[in-house]
Every structure is written in C-alpha cells, then in structure tokens.
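We just call them A, B, C and D in the order they show up, numbering each chain from 1.
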Amino acid sequence: MNPTLEALLHFLATWWVELLWGVVIVAVVPLVAGYVVLVERKLMADMQARLGPMRVGPHGLLQPIADAVELLIKEDIIPDNADQLIFWLAPVISMVAALTSMGAIAFGPTLQVARDINIGILFVAGVSSLGLLGIVLGGWASNSHYSIIGAMRSTAQLVSYETAAGLAMVSALLLSGTLSIRAIVDAQRQSGVWFVFLAPMAFFIYLVASIAETNRAPFDLPEAESELVAGYMTEYSGFRWSLYFLGEYANMIVVASVATTLFLGGWLRPFPNVTWLSWLEYAPAVLMALAGGYSIYRAGKQPVAVQTGFMWAVALACFAVAVLFAVPRFVAPLNFVLPGLNGAFWFLLKVSAYLYVFMWLRFTLPRYRFDQLMHLGWYILIPLAIVNVVAVGVAMLLENAGWNRWVGLMVTTAFTLGTALYLVHLQDKRNARASSAKTDVLPGNSYAG
Amino acid sequence: MADEPKPSQPPESSKPDGAAAAPAAPPAVKNPGTPATLGVPKAAPAAPKTPPPVQIPLDNELTRRYRERFGATILDTLEDRKQAYLVVDAGQLTEVARYSRDQEKFDLLEDYTAVDWPKREKRFDLVAVLYSFPHNIRLRLKIPIADRQRISSLVEIWPAANWLEREIYDMFGIEFAGHPDLRRILLPDGWQGHPLRKDYDILKQDTDWVRENLGIESGQ
Amino acid sequence: MLDSVLFYFFGGVAVLSAVLMVTRRNAMHSAVFLITTLMATAGIFLQLRAEFLFIAQIILYVGGIMVLFIFVIMLVRLDVALHHVRFRMQKMVAVLVALALGFEVLAILYAARRLPGQGLFISEITPPDKLPPNSEELAKSLFSAYLLPFEIASVLLLVAMVGAVVMAKSKKGAEEQ
Amino acid sequence: MREEGTNQNATLLGADELVLNMGPQHPSTHGVLRVKLKLDGERVRGTECVIGYLHRGVEKIAEHRTYQQFAPYVDRMDYVAAVSNGLGYCEAVEKLLNAEAPPRARVIRTILTELQRIASHLVWLGTHALDIGALTPLFYCFREREEILKIFERYCGARLTTHAFRIGGLQYEAYDGFEKDVERFCKDFERRIQEYMDLLTGNSIWIGRTRNVGVLSAADCIALGASGPILRASGVKWDLRKAQPYAAYDQYQFEIPVGTNGDTYDRYLVRMEEMRQSRLICLQAIERIPDGPIMGKVGKVLKPPAGEVYHSIEAPKGILGYYLVSDGTTQPYRVRVRPPSFVNLQAFDKMVRGHLVADVVAIIGTLDIVLGEVDR
C-alpha cells in the first residue's frame, strides 16, 4: 500500500473523534451563536415590554436562519481606500481565534476536541485573545475614523482587562494546582465545592473582566453605536460582518466556558460529593420532562391551530430529550454515555446562566466612558486581582499550616473585600477631587413655589 | 450679569380676564403710576388702512431714561399692542445694547432678526428682542438700516447673537462688522441669494448650485 | 510521518512569511506577516511537544507584543517615518550585515560539528509521548536551579515598569504646567 | 491617520489632530446634525456644528400663506412637540388680532400642551439614555408616550403633527372621556416615572457619565441664550409659565424645578421633575374644565391690523417665540420663529470642549434638540 495513504488512514483512525468534534464545532457554533442572539433579543424584548422577533417561524424561532441567509446574500462592500488584504483577513482571524479556542474546552468528562492538553486553560485564554488582532487589523484596514477609534479603544481595553482576567484565573489555578481543564474540574470534585465559593472575589473579577474582554455592555465601547456607529465594524457588511459577529458570540461562549470550568465546577452537578443530593443526577431528564409538560399546558392556550401544533412539537421534542437523558441511566449497556450526557447538561446550563448575566447587564446598565473604563480596570480590578492572588496563596499556606480551610479562606476573602472597598473609596475620592467642590442636589428639596 | 435673578413675578397688572398676557408691559413693573399702559387705547379699531395707527408713542420712565442717555440716537419710542419698542439709529447700536444689558439689566437677547421693507429708503429693520430677568419685561430694539449697510455685531455683548446674526446674514444678506465667524448657517456656503428678502421669489433657488452639487435640475 | 508533515508545513510558512515580512513596503502588512511567522514558530514548538513554549509564544509575542506593535504603528504613522529614515548607503549596509550574519551561522555550524557528543544533530529522538509534561518541568527548573536569574529578570521588568510610570507622570505634570 | 496628512497640529502624542465628522447620518445626532470634532486622541479640542440639512424655509412659506393656512406648518418644526408649537403660534396671532381664546379653550390647550411636554421629555429621556448606552428606558418611554399620542389621536385624529389648536380657540370639543383618559394616564404616570428613576437616577455609571459633563453656569446660559430646562438646571428659577403666564397657567399650582451644577445630571433631574409637575398641572386642570364656547370671535378671514407682535411660550425645549409682522392683509408680512433648539445648540461648543467623544453624545442628548426646529 502507498505509505502516504497508509499514514493518512492511520491518522484518521487515531484522530477521528477529535476531527469529528472539530467539524461539529465549526458547523454548530454558528448556529448556536445565532440562537444565542435570538435568545438575547427575546429576553431583551421581554424586559422592554415588547415581543421581539415574531415574524420568521413561530415566535421568530427561525429568525437566526433568516438572518444568516440575509447576511450571506448581502452585497459585499469593500471600501475603495481600505487595505484589501487586511480587510479581508481581519474578520477571519477574529472568528478562527474564537472557534479554535473552543477546541480545548471540555463540555463533559469525555467531550473535548483536544485530548486533554496540559495547558488547556492557557490555550483557551491565549488563543481567544488572538481575536483582538482581528479587531485591530480590521479597524485599521477600514481606513475610517470610527473604525480606528474603535480599534484603539478595543486594544487598550483588552490589554487592560486581560491582565485582570488572567490574575483572577491564577487564583483558581492556585487552588487546583494544574492547567489542565479536566484536572481543574477534578480538583473541584475532590475539594467537594466549586471554586467560586473558595475564591468568590476571583470569580467576580473574572466576571467583570470577561464582560469587558468580549466587548459587551456596559463595556461595549469599541462598538458603541451611539458614539462610533459600529466601531471597528463600521465599514463591514454582509458576510464579513457576520464573521465578526460570530467571533464575538463564540467568544462569549468561550469566556463563559472558562468561567464555568474554573469557578463553577465545569460539568459537575451542584455539590458533587454530597450523596443525598445524588437525585440531582435525574435532574436533566426531569427538567426536560417538566418543560415538555409546560409546553403541553401552554398548547391548549394558543389562539391559532398552528401555534398549538407548534407547542405540541416543542413538547414532544422536550420529552424526546428527556427520554434521551433517562434511558442510559436505566439501560445498563448504555451507562457509559451517562457522565457525558449529564456533564454536558450541567455544563451548558452553567454557561447559559453566565451568558444570561451578560445579557441582563446589557439591558440594564448604561455604558462606561473610556476613561472610567480604564480607571475601573487599572485602579480597581488589577490591584484587586493581585491582592486576591496573594490572599488565596496565603489561605493555602494557612491550610498547610493546619488551619481549617474555610476559616483561612474567609479571613483572606474578607481582606480582599476590604481592599476592594478601600480602592472604591479611593476612586470616589479621586472623582470628588476632579469635580472640585460641587454639591449634590436632589429633586424635591430646593423647589420653592 | 445677574446669575441669580430674583424669582420673577407675573406682571401684576394682570389683565382683567387674563387675555393673552401682554408680556412686555414695561410700566407694570417699573412704574405702576405712569398712565402709559392704562392710557393705551384698545388697539386701533378695524379698517387697517395702509399707514397703521396701531403704533402709538410711548413715554414712560424706561423710554425717558433711554432718551436722556442717548438723545437723538433713539429715533422713536413706540408701543404696539402693549409691547414696547425703541427705534434706534444703527450708528450707536453697540452703546445702546451695552447700556441695555448693563444698566437696564436686559441680560437675555431673546431673539434677533430682520424684516425686509423693499420700498423704504432704509430697507431693513433689524429687530432685537431683549428680556430682563430682574424686571421680567421685554423690550424690542428696532434698527432701520439700508441695503449693504454694515452694522456692528452684538456678539460681544450677547454671545447668543452669534448664530442669530449668522442667520440674518444668511437670510437677508446683512453684514455684521466684528462678527467672529460670519458665514451662512442654514444654507450651503456657496449659495447665491438671500431667501427672506422680499424680492426673492418663493420658487426661486440657486439653480447653478443645485445643478453643480446635487446633479439635478431643480430641487422642487 | 505526521510530525514531519507538520514540521515542513510550519517551517515553510515561517520562512515564506518571514521573506514576505522583509519585502513588504507597507508596515502593517509586514506586521501581519511577522505575526504569521511567529505563529508558525509556535506551531513548530507544538509539534515538538513543547506546549508551554507554544502558548507562551502565542500569548507573549502574538498576543501581547504584536498588538502593542500594531498599536504603535497606527499611532505614529510609520510609513512617513520610514521614508525619512531611509538613507543612501542603506542597501550596502544591509548587504554587509546580512553577510556577517550568514558567516556567523556558518561558523556556528562548523564549530558545532567539533563539539563533544552529538553536536547539533541528535540521532536518538525521545518519542514525544514519553516526554514529561513540560510546564511542570519548566516551573521546577525556573524555581529551583534558575531561581536567581528568574528573580533578576523579574526585578529588571519591575524597574522598567516603574520607570515607565515615572516618565509618564513627569510628562503629564509638565503638560499641566 | 493616513488620510490626515495636511493637518500638522502637534498634539500630546506628537500625532496629528484627528478630525472626526459626526453626522449628518449618525445614530446619535438626533436627526441630521453634523458635528465636526477636532480630536486629540479622544479629547475634543474644538467643534463646529453644520446645520441646515433640514431647512425648508418655513419663514418664507409663511409669507405666502394666510394666517390659518400657516398654522399646520409650525407643527413641522419641533415635531416631537407639535402641540406646543401650535399653542405659541395661535396665541401670537390672537395677540396680533387683539382677540383671545375663551376660557374653556385655554384650559384644554393647557392640558394638551402639558401632555405634549411630557411626551417631548419622554422622547428626550429615551434617546438620551440610549445614547449613554442604557437600552431599556427608550422602550418604557415610548410605551408611555404612546398613551399620550392616543389621547391626541382621539382628540384631533393626528398623533404627531397634530394641528390641535385654531387661531381664536379650538376646532374640536374635548371628546367624551377625555378627562378620564388624561386622569388615567396621569395616575399611572407617577409610577412610571419612578420606574425610570429606579433605572437611572442612582446608577453609578449613569451618574459617572452625566455628573460634571457639559457644565453650563447660569451666566453662560443667559449669555448664550440657552433657555428651558438647561437654564433651570444651572440654577435659574425661571419659567415663562410662571413669569408671564399664558393659556391658563395662572390658575394652577406647580413648581419650577432647578438644579445647581448645570451639568447633564442636573438637567436630567430637572426634566424628570418637570414631567412630574406637568402631570400635576394636568390633574388640576381636568378637575374643572370650564363650560362655554371653545372658539372666540375672530371671524373667518383674519386681517390683523398692521403692526407687529412678539409672543413667546415655554416650550418643552425652552423659549419658543413668534415675532409676527402684519401689513394689514390676510397674509403675514413676516413670521419669525425663535426656536429654542437653535439657540440652545449654540451652547454646544462651550459645553463640549475638553470632554471625550463619548461625552459629545451625552451632551447632544442633554441639549434635547430637534433638527426640524433648528433648521426650520
């Protein structure tokens, strides 16, 4: 046999699972990102007393597909004065970085593209930050003032907040003692509790920094539409624009996954070592069944026959998933998929919750100004993250010295919290000084007739 | 300049049945005793023949002070529908304006505009509406000027005049000496003609400009 | 087999984009090709199972330094600056420097042959999966055998950082006065 | 940047000054305002407003229409507060005619104008918050504004450019259930305002973005002619509705909210409180709408005696003045509108210098300009 062919076959035989997963990620993530957008729009609509997309498909469920088609067939405009090569390259870098970094994420104990590389978490963080190159290059190549300002803001913002996020990650890494994703989750299983309880400040810092890293509100300055039109994406349209968009949402999923892995116990169910909670193993199936039941309940209340039918379809789908979750538990030969299924369920649930927080903040908060953003990053988050790393280290030393682990962690967390309050206080004082001696006025106290 | 004007009172000579409140009834606040307001005959009865009799001479303390101070510069002091105005000679406009702001406390230049009377010798009336926060009264200065006569700008006295004078320049072609940035404001820079002049027909436009910049024959 | 395919792929990309980087007129294009070179090098590290070096290369060079580099290019209009910097003897100097470099490389290769042991060419290769996880190894050697140099480097960086802060401060103060 | 080769003004970094052209198509210039910003990094070193993109020659049109024919045109100036424009014009012409609207008409005018003030402020609040990045208040504001527009629609059939009033009084009698509609809206509205305040007033990002941004002292306001909430936010307790009452404002109790700093945050508080006060005025007014005719005696053909009149009202955005000159014919000889937005926009340059690009947006929002009125 041809040696090349043989080698190829050998390669395929050894790596087919990973290759398949790779293909699945490339194929599924755009769809998932599309539906994350839909969910976001629906949630936003709900919080804003309106309906959101309703036209395409029942309750707008096919909207992402319509959007994708629209973006694909849209005219592709490259401005005359743009730098053709880089303009073309930039969105691709952004998206490839986001998708590649997904490769190392473990969705369950057995669900991972890259066979557990022992620098997993660094890989995710490092590669996903490459997306910034796409933003900077795209902003520069567009040759537009809005784009370049957006790109500069983006760079400054990412460089600042990456530091804070990295230091927050270090806290969790100290606790786990490894960089490998599976080992980190395993460490949380062994310690019996998620790291978010052991290092709450680190989790909080990571939450804030990850919002800033993904350019989401209230830190969405690089693309603040009311100031910079669309920031670095201003000159992009159609397919290229959708690549950026995809990269952004994929990045959101990535940071959520990192947070889930580091702080929220990855694919572990809540309190993985408490045996009387082991009924939670049934939770996925039960929850899906409940969702199905609710759909049936709602089906009767739909005004139009089509909608009733659709609700029934949803109900059936939910039941099908429920059965899928339940069967392996009762059928012994299928038991081996159980950890994967349950793991994926919990993992995705946590990721969704994390993303929900992202969205919730976006609908609620106004946007920071650039100097305020930098102040928050450099004057508060980074010092706090450094203090937190030291504090977690001290806690571990104390534990080694025979202290109760919780007492040590509480003391150090309290210390970090105190530092945080002091930093905020300093910042307030700085603001007060900046605004010279001006007094507040509240409505109601100075309105005479 | 009064930063904290005293709480302004509604003019106390409240009209019997609250008719459209004549805001600028100067004597009401300044000098209740003067019979100027009370003596005003109801606005001229119908039949508005071309020389209008609605404007009647006004003589109260305010106008007297102006006359004393400026003499012949104040060409006339009149009242029209209970609103006072002074006709001021263009030559000493700056002085009158500064006096109005500093001594008479007309701190707000509420409006500044022009009216075109093509048949008159002095073709334009510039009209400045002044308001005094401390006294809660209005006063109009009317400055007749001829076509192509340059007139001194009020920007130094009331910065608010900046855009208002640019608009007058834009619409009437009146030039202001000493204006920091006298350009067209509403119309494009290269436009020919001044639309609010009476001889500028309502359908007229700068066809050359339109053809050159918009590539169409007419914008109508 | 797979290893050599990957090696030649990454090596080819690295050399090609290095050449392109030198020949491009546009500073931004050069930067992009430099990034490609660095990433291809990172790929070679990965192929050598040096995953920590790989990710360090990505994070430090591609992620950090290159972003700052591009940032600077955007800010200071390097196109114009280059134009001013170019001088008459440039080509000559470049050729000389290149020749010197080439001579050095040759000399090293020649000297290496004389070294005791295997020299540059290692005949027995440890199979990749037998290698210990190298981030741990790296950490161990950094914090034990090479602790002093490591700390010296850290202090040096700290000094640089403080220096930067001081310089930025004084400039700001001067501007305010 | 590459294109800015000609501009060699040195700045902090030794780089060129960047000229950023905001508008006329830009999400947050509220229409077709174009602002040229001279930037050093992101700091604004100078501005120039380019306006006139929406210029329709309203004042010229007026000279070729009769007094009644021109009335609908004024609605097209400040199109988010059309009723207020109409009130100012009608009262000005009435003054020119020495006529007046009957008491019932004046009260209904007051109610509608105050509702319009609330609606205008709601548009301001929603877009201002959106500019600063808060997405949600916009929809809440438009939800409430919708209620007001529904009242307008039931009253006169139009929602935006209402032409609600006629010279001499009103065309339409208040419809059945008018009081009830207004009352229901006002009762509900207190809770709604609280909702907006909950979202924004205490929010530290909001405070950070608005406090000390675009500060305008009282002296600056008066010198630059800025009026309305901008003037009040800098501490001048002055409101034409109190100072020189028109319509039926002398009959109602309300307060003039004032700020102290004259910054964007104070303007926000002042406008919020103004909405509350407008609501109170409406509630007082619907309690007793006098009976009687709704149209005064002005005749079918309006021929005001020759002469001139200036009349101004407190529109939601500031002093809205009309200067009318009659030559005794049925068409005005000259109509001059003193638009609050136009004059307020003059203060923009002073407010924005030294701030960041993001503040430019906040300041355009807080000025509450409507380009239809700026350009006329």
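Note that a residue touches a chain if its C-beta (ideal position, glycine included) is under 8 Å from a C-beta of that chain, and two chains touch if they have at least 3 such contacts.
For clarity, every value in this text was computed on a predicted model and none was experimentally measured.
When every chain is reduced to the mean of its CA atoms, the largest separation from chain C belongs to B.
Summed over C-beta pairs in contact, the chain pair with the top total is B-D. Each chain gets a centre from the mean of its Cα atoms; for chain B and chain D, those two points are 23 Å apart. For this pair, chain A with chain C, the centres built from the Cα atoms lie 31 Å apart. Averaging Cα coordinates per chain places chain A and chain B 63 Å apart. Our note on geometry: chain A versus chain D, Cα centroid distance of 43 Å, whole angstroms.
Looking at chain D, one finds that residues 1-2, 237 touch two or more other chains. Shared interface positions of chain A, i.e. residues touching 2 or more other chains, are given as 148, 448.
Shared contact sites, meaning residues of chain B that touch two or more other chains, fall at 7. Per the touch definition, chain D reaches chain A in the complex via residues 1-3, 18-21, 26-28, 42, 129-136, 138-140, 143, 199-200, 203, 205-206, 208-209, 211-212, 237, 253, 255-261, 266, 269-270, 272-273, 356-361. Listed in rising order, the residues of chain A touching chain D in the complex are 44, 47-50, 81, 143, 145-146, 148-149, 153, 217-218, 220-221, 224-229, 362-372, 431, 434-435, 438-439, 441-444, 446-449. Chain contact summary for the complex, chain A toward chain C: residues 3, 7, 10-11, 83, 85-86, 89, 117-119, 122-123, 125-127, 129-130, 132-133, 136-137, 140-141, 148, 151-152, 155, 158-159, 179. Partner chain B is touched in their complex by these residues of chain D: 51-52, 55, 57, 59-61, 63-64, 91, 94-96, 98, 100-101, 106, 217-219, 222-225, 227, 235-238, 242-246, 248, 250, 303-312, 319, 321, 323, 325-326, 328, 333-334, 336, 338, 342-343, 345-346, 375-376. Against chain D, the residues of chain B that register as touching in their complex are 1-5, 7-11, 14, 17-24, 42-44, 46, 48-50, 52, 54-55, 80-81, 83, 107-111, 113, 115-116, 127, 129, 133, 136, 138, 140, 158-160, 162-164, 167, 171, 184-188, 195-196, 200, 202.
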